[in-house]
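To start, the structure itself, in structure tokens.
Going by the order they are written in, the chains are A, B and C; count residues from 1 in each one.
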Amino acid sequence: MSSVEPLLFLLGLPLAGALVLGLAGHRRFAPELNVAFSTGTFGAAAALTADVIASGPRFALQREFFIDPLNVFLVALTAFVALTTAIFSRPYMRVEQAHGKMTPRRLRLYHSMYQLFSFTMLLALTTNNMGFLWVATEAATLATVLLVSVYRTAASLEAAWKYFILCGVGIAQALFGTVLLYMAAERAGAGPEVALHWTELETIKASLDPRIMGLAFAFLFVGYGTKVGLVPVHNWLPDAHAEGPTPVSAVLSGLLLNVALYAVLRCKVLTDGALGTALAGQLMMFFGLLSVLVAAFFLSRQRDVKRMFAYSSIEHMGLITFAFGVGGAVATFAGLLHMTVHSLVKSAIFFAVGHAAQQAGTQTMSEIRGLIRSSPTVGWGLMIGSLAILGMPPFGVFASEFLILVTAMREQPWATPFLLVGLGVAFASVFQRVQPMVFGDSSFKPLPHQPALVPVFVHLGIALVLGLYVPPYLESWYREAARMVAG
Amino acid sequence: MSGLALQFINLLAALLLLLAFAMLAQRRILSLIHLYTMQGVVLVAATAAMGYVSHQPHLYVSAGLTLALKVFLIPWLLHRVIDRLNVRWDIETLINIPTTLIVGIVLVIFAFNLAQPISELSASVARGTLGIALACVLLSLMMMITRSKAVPQVIGFLALENGLFFAATAATYGMPMVVELGIALDVLVGILILGVFLFQIRQQFDSLDIRHLEKLKDE
Amino acid sequence: MSALGFAAQLLEILAALALAPLFLGWVNQCRAWLQSRRGPGLLQPYRTLHKLFNKDSVLAERASPLFRAAPYLVFGCMTLACGIVPTLSTELPLSPAADAIALVGLFALARVFVSLAAMDIGTAFGSLGARREMLVGFLAEPALLMVLFTTALISDSTSLTTIVRTLSAREVGIQPSLALAAVALVMVALAENARVPVDNPATHLELTMIHEALVLEYSGRHLALMEWAAALKLFAYACIGIALFVPWGVAGAHAPLALLAALPLLLAKLALGGFLLALLETLSAKMRIFRVPEFLGMAFMLAVIAMLVNLLLGAPGR
């Protein structure tokens, strides 16, 4: 099998899907078409992954694309979550249509932008060019911003505006960082055509000027960090998650945050190589920890269920950023594992929450009661998902959080109490709220369309498996990626 | 000859900074758009001059692209938007312009200090202007913070992008062409989406005041 | 210190005293032309001064000696200011004693006396004018200082003669910092001399007047001195602008012939500057008094930017 084909499908399918659904996204069969395109994309991702596992990192299209163990694992994850979300959104959007919240025009926009969003995510992951990484991340914002405001309510417009402006400004900082990166690379002797290629930068990273790289990383970190949702530039995240349609919340949490963090990670590798100090890691540790703590305390004050889980995403992103900041093989391994399980479990939770909110007709937690009676699968999905995300064994989140904690105790003991406090507060506040939502009396009517809960349990199942046993090929793959990041 | 061209670039850089300040203090939306257009013109001239000095033909292409996008297309779109929204003659009440300007000066000093060590390392002939570019970025950022109407915020956002473009040109003679094209596409799509947004906000609130958009808060 | 230097200094002061009313007349005449009026003629300020000197001076009952002394002091300050700005020659005996900061100090001193005298009688208009004058002054002075500092940075000296010598010696070129500083100076000059966007010298509108309110209580020779001093101030500002931004043609040391050539050149520059000033006044509209701080804040900011740009981009030819 040649190296280009799966990649072409991987990027071409969602792009074609965006076009086709832009024309036919309002038809009855559009949700199925959406699923079909996502399935094709996932197939291509799987083929590409198998390819890379079999024969190692590769370039494509004149070195413009580069697939290595680090990004191929995220490509597989992204394509998978995009597929399951598409499956979930099929009945979800039909219900929304029945409730009158989605018109055919909005559905067309939704379907088209959904595919375009997948495309930008995969482009950001597979490109070898740091400039394109920026372009794709910005395009991802553009693709999702109209989805956040798709209901056209006052609150959703506000959320989308905030999302656009804050992320736009943030990502502009990243562009400045990219300019500085380019400047450093040109000074180090890279040709203008390849000076932004990550592979090229990686080989010359030791000769990049430390002063420029220090400043460049500061800007890149602020820029991509805004997209990761790190405190103090996290304000857009809870609003965008709470006010957009639930499938969008799921992909924002499950995919966009990961990709932004991936961008930070790539920059960190270069900065570490150039500076020879732990500056980048310290920055990441500090802001990661800050995010964990702030998000944990905000968690306890939420009333909107999607908002609460959005804060939980900030908390987990902070944790992963912290883990990558600590560095070293074990912490990086744990960070990658946590990225995987968080994105699976969080999207599963959003699926369950989406249906629960549809049943209750509200997102306010105090008005959602007794899910386990009205629809047991949604209730159990939410309960198990919450337990999983809170780090209960035997789920994968427990394994990765445990690893992160252990490494932190060994290498950064000062951070341990903060981490423990953050995780503890988060546990108490989420559990206290989810419990009455799931159990108790209920008078909700069943939904007009049968909810698609298979994705919920598939995600949770994978997270469970990862908690009990990481398959050897997966483990070697993580180790390979961790080795690349940690150097 | 190139010495004179270099002075010309420096003059344009100073003009860019001046325009950024003028935007910070401008009340009328229409004048803001004019200022933005002027910034585009200065940017085009600077990029072309830079191309002439450095013998980098691709800078002419990016100057042409800037001309089409930032001097014609985006201002035209903005004019259309404010016409359709009927805010052409809107005047924004700005509090305390002198204070804003003083803070702006502090920002400029900060930017110059930040850029000083970096610009010494740049190989570009116009490296001195990197500090000005960074100052423009910060000033536009401040403009976005101080404005409470949607259209001025959008213009602040666009001015921010102008500053970044100038930074790229000043520090490294511009990014590789493909990347620049991608950025231009993003900006264009961004402004279109923002235009759609403005209409949606107007429809929802009967006003373009961003202060309506402060309901979502964590109590 | 040579006889030539002494002669140059004397010539400069005499030229200033003689030309200042003419310059004012020229600006007013240009304004009249631009507004399609016939205008009072170039010599009108002289006629006014002559008329006022021949009139009796009426003093208010409660006027203190300060009120009577102020016109002489102000006139002296302005004459001295004109004397230390190197317009004809860079070799001036007074120049070692006075540098750029002293120049601003002289203007400030005059301002203080004008304002004190205006408040001395205790009329409402006097106090109002004094307050407005101070409002303009506290913003205009730092801006003027910044303009002078920018040029001082280029020439590494605050001595006016050194600045002019350095600036006239540099090669022709565009320099952003000087361009910005020039714009700032023009704005300051407009405000300080009560020209149109800030004040209208042709009216006595109590809502907006600044300069006229200050001298409302003066008459006869006192008023003549005050008006002459105002003309000198405008002249001094024009000379600062010429000296800093178009200094070519100023005579150096030991060059009696150049000194003779410098005078017609100065006249030509002044004529052009005056015309531009009139044009600017005609094109702009009077702004509300509450906008004046903004206007001057802008001037200050421009001057600061000029200085910063100069620091960042470096002086040309270096």
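Here is the rule we use: contacts are C-beta pairs under 8 Å (C-beta built on N, C-alpha and C of every residue); 3 or more make two chains touch, one makes a residue touch a chain.
These figures come from a predicted structure and were not determined experimentally.
The set of chains touching subunit B and also touching subunit C is empty.
At the centre of the protein atoms shown, by the Cα-centroid criterion, sits B.
If you tally contacting C-beta pairs for each pair of chains, A-B comes out on top. Once the centre of each chain is set as its mean CA position, subunit B and subunit C turn out to be 37 Å apart. Centroids of subunit A and subunit C (each the mean of its C-alpha atoms) stand 65 Å apart. Computed from the mean C-alpha positions, the centre of subunit A lies at a distance of 31 Å from the centre of subunit B. Considering their complex, residues 173-177, 179-180, 293-294, 297-298, 301-302, 304-305, 308-309, 311-314, 316 of subunit C touch subunit B. Contact residues of subunit A toward subunit B in the complex are 129, 131-132, 134-135, 138-139, 142, 145-146, 149, 152-155, 157-162, 164-165, 168-169, 172, 175-176, 178-180, 182-183, 186-187, 192-193, 195-196, 209, 211-212, 215, 238-239, 242-243, 298, 301-302.
Subunit B contributes residues 3-4, 7-8, 10-11, 13-15, 17-18, 21, 25, 97-98, 101-102, 104-105, 108-109, 112, 115-116, 128-129, 131-132 to its touches with subunit C in the complex. Listing the residues of subunit B that touch subunit A in their complex gives 114, 117-118, 121-123, 134, 137, 141, 144, 150, 153, 157, 160-161, 164, 167-168, 171-172, 175-176, 178-179, 182-183, 185-186, 189-190, 193-194, 196-197, 200-201, 203-205, 210, 212-216, 218-219.
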